[in-house]
Amino acid sequence: MTDKTTENTETKAASAAGPKAEKLIVSSSPHFLNTESVPKIMHTVVMALFPAVAASVYFFGFRALLLVLVCVASCMLSEYWMQKIRKKPVTVYDGSAIITGMLLALTLPPSFPVFGAFLGSFFAIVVGKQLFGGLGFNIFNPALLGRAFMQATYPVLITTWTSPRTVGHAVDAVSAATPLALMKFEGKLTPLMDLFVGNVAGSMGETSVIAILLGGLYLRYKGYINWKLPLGYLGSMAVVGGAFWLADPARYPSPLFHLFAGGAMLGAWFMVTDMVTSPVTPLGQWIFVVLGGAMAVIIRLLGGLPEGVMYSILFMNAFVPLLNKHTRPKVFGEIKTEQS
Amino acid sequence: MNSFAKMFLNLTVVGVVSGVILAGAFHVFDPLIQINKEKELKESIFVVLPEAKDYKVLEKTVGKEKLTVYEGIDASGQPVGIAFKADGGGFQGNIGVMVGLNLDYLKLKGIKILDQVETPGLGNRISEPAFEDQFKNIEITPKVEYIKNRKPEKPNQIQAITGATISSNAVVTNINNAVARVLKTFPKDEMIKMGEQAKPASAESKEHQK
Amino acid sequence: MGLLLIISAISMGVLGAGLAVFLAFADKKFQVQEDPRIEAMLGLLPGSNCGGCGYPGCRMLAEKLVSGEAPQNACVAGGMETVAKIAEMLGVEAAEHKRMLAVVLCKGGYAESERRATYRGEATCTAANLTGGDKSCTYGCLGYGECVDACKFDAMAMNSNGLPVVFYDRCVGCGACARACPRDIIEMHPEDHRLFVYCRSRDRGAHAKKVCGVACIACSLCVKDCSVQGGITIKDNLAVVNYSLAPQNDESTRRCPTGCILSGMEEQVTKKNFYASLPRQAG
Amino acid sequence: MGHKTFDRGIHPSYYKELTSSMRVETAALPKTVIIPLQQHAGAPCQPLVKKGDAVQEGQKIGDVQAFVSAPVHSSINGKVKDVDLAEHPNGSRVLSVIIDGDGTSREWKAGGAPMDTSALTPEFIRDTIRDAGIVGMGGAAFPTSVKLAPPKGKAIDTVLLNGCECEPFLTADHRIMIEETDKVVWGLRALMKATGAANGLIGVEENKPDAVEALKKAAGGHSDIRIIVTETKYPQGAEKMLIKAALNRKVPTGRLPLDVGVVVNNVGTAAAIFEAINHKKPLIERIVTVSGNGIKEPKNLKVRIGTTFEEVINQCGGLAGDAEMEVLNGGPMMGVAQTTLTVPVLKGTSGITVLTAASIKPLKYDPCIRCASCVEVCPMALMPYRLGDYGRTARVAEFKDWAGLSCIECGCCAYVCPSKRPLLQWIRVGKLRVRIEAARAKK
Amino acid sequence: MVDNTPTLWYEFKKGLWQDIPPFRLVLGTCPTLAVTNSVINGVAMGLATLFVLICSNLIVSAIRKYVASQVRIALYVVIIALFVTLADMFLAAMFPPISKALGPYVPLIVVNCILLGRAEGFAQKNPVMPSLMDALGIGIGFTLSLAVMGGIREMLGFGSFVNFKLLGEWFEPWIVMILPAGAFLVFGGLVALVNYISHRKTAAGTNP
Amino acid sequence: MKLILIFISASLINNFVLTYFLGICPFLGVSNKTENALNMGLATTFVMTLTAAATWPIYTYLLVKFNVPFLEYVAFIIVIAALVQFVEMYIRKSSPTLYRALGIYLPLITTNCAVLGLALFMVLREYNYIESIIFGFATGVGFTMAILMMSGIREELEFADVPRHFQGISITLIIAGMMALAFMGFAGLIRG
């Protein structure tokens, strides 16, 4: 049985209101609600993503801006298109598709072709979101799904990086390695300060820790994200990364490196926290982030791919329904042994 | 007929009949399959040892393991190099490489990827001649190495395939491991001696056919 | 070649034989008889799992039928044909099976009855009823069509007056609609019932009349007009038909001042008629 | 912060300042009252009068022998106009006694000091309470005498007076605690006596410091009475939450406060008990907060039971404007919306809240975005988003399995939902379906 | 036999659309997913299955009267395995590259649900001729389905069709299509397409 | 150590369902409810472990010893069919409740290609006896995990507004595709 959502209610209620209505309204309690709304939340997240977008434009120039625009536009268009052909109310302006587009763009390398960005956005929205019925029903994080699809579709293009253009550095436009790839394949470590500011090669929005933190903390301040999720995820990464580091400091990087490099920050603040695709129960949330963080580090250090954040989140997404079902909090006053 | 007898008969008869049919079929097809396998082996040896026209099989058992190398010989029966298989894990699964080594044990003569299950379009480009050909005349001391995104600079270097560093690395590592093992097990002079004693494969297989 | 043949024949033979012995042994040891009739019975049932029989799903009913716990005419959705088949399979005479139909016992749509408030909330009848409902008549149809949603056989629709309509030709009598209605407006009746009081209001006549033009006002005219004594009675300000007594023609309904008691002949709408009667919509 | 409380819950806007400092005014004597014969949980009363009878203020006009029930009394002097079905604030039509007043009224006063509670017997207290028709005035209107008669083997150690009044807008209890402080404390002592409880507690939310002050002063002489200041949080006033906050005891699911040795009563109930015993006055009037942005002059009024909402509202300046409004019996969180203004004030009517169309919830809702807000606020630790779905789709087995029956209908979940999903309404549908299913299974 | 002729055509035809294996019956999904990264592989797999299906349906329907019910499944499976082994050897001997590409999925025809499904569901209850037609229809339907899947995946994944470069240099192949994920996605999409077409058909049928 | 690696590899990294496409039919068919999925997973795990335990000796002591490798498929399938049938009969007799929950899935397992695939892979990879059993068990665990995840997701989707043509098998396959995308993260985690 599907959700009888808005349009249903509206048309039926409107017709039922009939011609002879008096001036009293009846409804079921509670009668007044708080002022949150889905578009409000989503637009705040869009705002929170601006620092990261700005940083990517600063470091990677015009192309970064182009990619963000292409992704956002194609996400919105895809959503509009799907909702039109399904004859569903068009909800493009609630902002969730904008977030998906921005986040997808931020996970792409600056040199990624425009056509690929379009394809990824299309997949993210149409297959990753609308095929499940749109906002709220998707199982996997659409942006990450789009990224994973691109990773599998154009693995070479998506791992071709350019250096950031900053004063004093020679521009190496052809290709450069990301800090994680340097660590993994060449055993070189990037200075933490560069990572923090974002002065490294990598996906557009993943590079600048400070810009992401700014947005993330703003969201936390607004109360739209649960502190458990980002901190648990990062904490778990730090602990597992730290364990490796303590075991063999020469071979494995420090926990701070894990937190600052790659998609850890963007993932922890904006993707782990995606409400739709994370668990709703406290215990479920803990399991989600702890296992996710650990898995990200393990994939980074031992796996075939340099980046584990995306896969760890997607993988844990698939467990969310089970987690929600089986980690329900204990009902107030519930007693185990029922005595009569 | 009671049901047990029926069951018994059913299964036994089907078992015997299928056994017989399969044995018959095996008898017909197996030689063909063997020929295919041999042809594949021969072809790969001839690829990595281009001058070879025939080869000899040299075997030696060290501990539990049996090592096999193939000595390529030219039309006149003179050895032109040795070939051997190098196996090891790649990105997805096993990568098997046929490696051709110079008789002087200094340089590779060529390689051929026999089997691999790497990602099509990425890792599986190790099977492309462009990659395999890089290994011609590569020095094996101290070790074969790969470098990324640049033209090789040293005589023991090849360039890794972009986006498939792991597969490239696996090929190189496999080769290094196998070369080291062959060098240890089949010292140069012993090899020559063994080669003189062995018969060419073509002769052997003919015998076998009879 | 010969050896190979023999080896494989023997090994397969032995394997096959061993297996046969093993299974035969297991078969003897673990034999449990499951009634194959259950499967066959399931094949006869409509398979729509409508729940009209009172069991959770067709399979359950099949089991109960085979074990004799359910009457052969338990399946309401399958109709006479199914009953006959079931009876045949169970080897008994087909029980009498009267076709049941759903009847909507309220005629106060938008046109006839007043709505005193605006309802805001989930557009289902149960939900609206929880708030008391927006209708002045607290017994009448709320018009949110929960019964229509409950009908699995596409046998209902809401008409333009905000009342549900049952399609005479489609209804299989499963009773899902009656169970769904929070105000008990729908009743299940055998096909031969014709006389219905299309009102559920237990209010006194004056109030009932005030809020709805077609309410039963308990004026007793139908009680007097009924040719059989006690065929129609008044209970709780509402006329009640006693189906074992009252003749099902429309004699007794002639003088009803609000027209709420009717012989249902004219009520038999078929799906086709219903949709044909709708004004054509563009596109 | 730092005050006792329970887990989860919400902090809605309270709007209590509208009426919290207003003294209680006595409403004008109504011309007509409609007194439903069922104003309480339990069996409805049978009428004791018929059309045309003359009745006196305080005269019993309906009663029944059932244990869980409470008699009803006429709240004015006059003549019975009719005994008929009439609109009830719960939305149905209920048998009611309609009385035309003659404009006179009597005094309920007994000379001298209040009785000494230690001189009374528990039976006397219980019988007086029952006779006076006293039911819980905190909302649920459960007959108070029943609560005071615990089954054998259950001891009650604490009587907890509920002065939290966590509903937005409502200030009736607040005013009672300030203006009738002594009556409340006396009522509490009577309740303790009736149940044999050694402790008396009064739970008050921290946003009513003046009430706390007054109560502390009045209870000063009694060492067995303590005032518990709780955090201002909704639904602090729900009895399970209050017991958790005050005593750190958890009432097991499906059980009563009684099972943890507690009886919870509203402060208004306690004051009514004082009047019933000392003044022999049955429950015929109560304090009602009339507030909300749809009311011209919000007030606390002492109203005769049976007065129509219309009359009450008119005494508060009427509705503010002609636009569509919502009139609630109770506060905005738990109140029941009325379809007409001709419904009467009941014993359990603690407030009449009128909200303008613009300030109530919207009609439209969005899909659930799994934001977990509802899970985070549910004081019963349920999973409202899922219960809503199960209720809506009538999936009874799952609804029960996910503990839907434990919902106390506080509405926190629906309040916080950013998608504005009518969660509580769906849960109610689910509970109803469970009940129907159970009834059907029994048959 | 003669009076059976009209239905024989039906037995054949139903496998082509009405009961087309992987999409409608949702049987034999594993090979459908595993070997369809190119048209050739798909067709080879389909033909191998067709061969086994014909043989096993024939034998099963021929011996159906002599089989003890308790060992029915075991027996059928053995018969199927016999023909699969034959097919496997044949491929290895005659078409080594295809044999290599199909890998372990040829032996897995043994447990392809289609074979047992048809043996149990059809051949066991029907005479030889209809069983043959059924096998042909289902087998060809299966082969066609694999070819379509293979076609789409090869086209997108390599930019070619039957190894013939169709899409030009501008096309950057979608590697995902050759990977497991692509197989699932394409399969899912095709099932939806089949649903769509049949929904359209039924809709057209009821509202002329 | 090798045993642990085999376990992780077979249950996670080279998950039979999501990377080798084995056992898809039950994966699609029995994943609509978590309870069913769990039971199916357990039954499959059980049969897989037994299969590994039973086919290994047959391979080693019959097929290899007598040099008749071509009988591999036939011999294996006989053993599997017998095992499944035996387990079915046994459960039916010993625990009717368990049979109610599990029994209906057992015949499905015979035609679950994951079981035969398991035996074939086991031989191909030249595992020894203990390794084979672990491999069988781990494969079953991997199957159980995949089918459980899928069932959880499908239960969640009961309330989702999936487009009509995509409902049922179609969306299930697409979700499987997404799960396969997510599982790609494990690629190369343990080589070989």
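Labels for the chains are A, B, C, D, E and F, by order of writing; each one numbers its residues from 1.
What we mean here is this: a contact is a pair of C-beta atoms (placed from the backbone, for glycine too) under 8 Å apart; a residue touches a chain by one contact, two chains touch by 3 or more.
Predicted, not measured: the structure shown is a model, and the values here were computed from it.
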Practice prompt. Name the chain whose C-alpha centroid is farthest from the C-alpha centroid of chain C.
Written response: B
Discussion item. So using the touch definition from the top, which pair is joined by more C-beta contacts, C-E or A-D?
Written reply: A-D
Discussion item. Taking each chain's centre as the mean of its CA atoms, which one is most distant from chain E?
Written reply: D
Discussion item. For chain D versus chain E, what separation do you get between their C-alpha means, in angstrom?
Written reply: 70
Response to the item:
Distance between the CA centroids of chain B and chain C (whole Å) is 73
Fill in: Whole-Å gap between the CA centroids of chain B and chain F
33
Discussion item. Nearest whole angstrom, what separates the Cα centre of chain E from the Cα centre of chain F?
Written reply: 21
Item to complete: Can you tell me which residues of chain E touch two or more of the remaining chains?
Response: 70-71, 74, 78, 81-82, 85, 89, 175-176, 179, 181-182, 185
Response to the item:
Where chain B touches two or more other chains simultaneously, the residues are 3, 7, 10-11, 14-15, 18-19, 22-23, 25-26, 30, 91, 119, 121-122, 166
Worksheet entry | Residue list for chain D, restricted to those that touch at least two other chains | 324, 336-340, 360-361, 363, 367, 389, 392-393, 422, 425, 428
Practice prompt. Would you tell me which residues of chain D are touching chain A in their complex?
Written response: 7, 10, 12, 168, 240, 244, 250-253, 255, 322-328, 330, 332-341, 353, 355, 357, 359-361, 363-373, 375, 379-383, 385-386, 389, 392-393, 402-403, 406, 409, 411-412, 414-420, 422, 424-425, 428
Response to the item:
Within their complex, chain D touches chain C through residues 84-85, 90-93, 324, 336-340, 360-361, 363, 392, 422, 425-426, 428-429, 432-433, 436, 440
Discussion item. Touching residues of chain E toward chain B in the complex: what are they?
Written reply: 37, 66-68, 70-71, 74-75, 78-79, 81-82, 85-86, 89-90, 92-94, 96, 100, 157-158, 173, 175, 178-179
Worksheet item: Okay, in this complex, where on chain A does chain B touch?
Response: 155-156, 159-160, 174-175, 177, 185-186, 304
Worksheet item: Which residues of chain A touch chain E in the complex?
Response: 113, 115-116, 127, 149, 152-155, 157
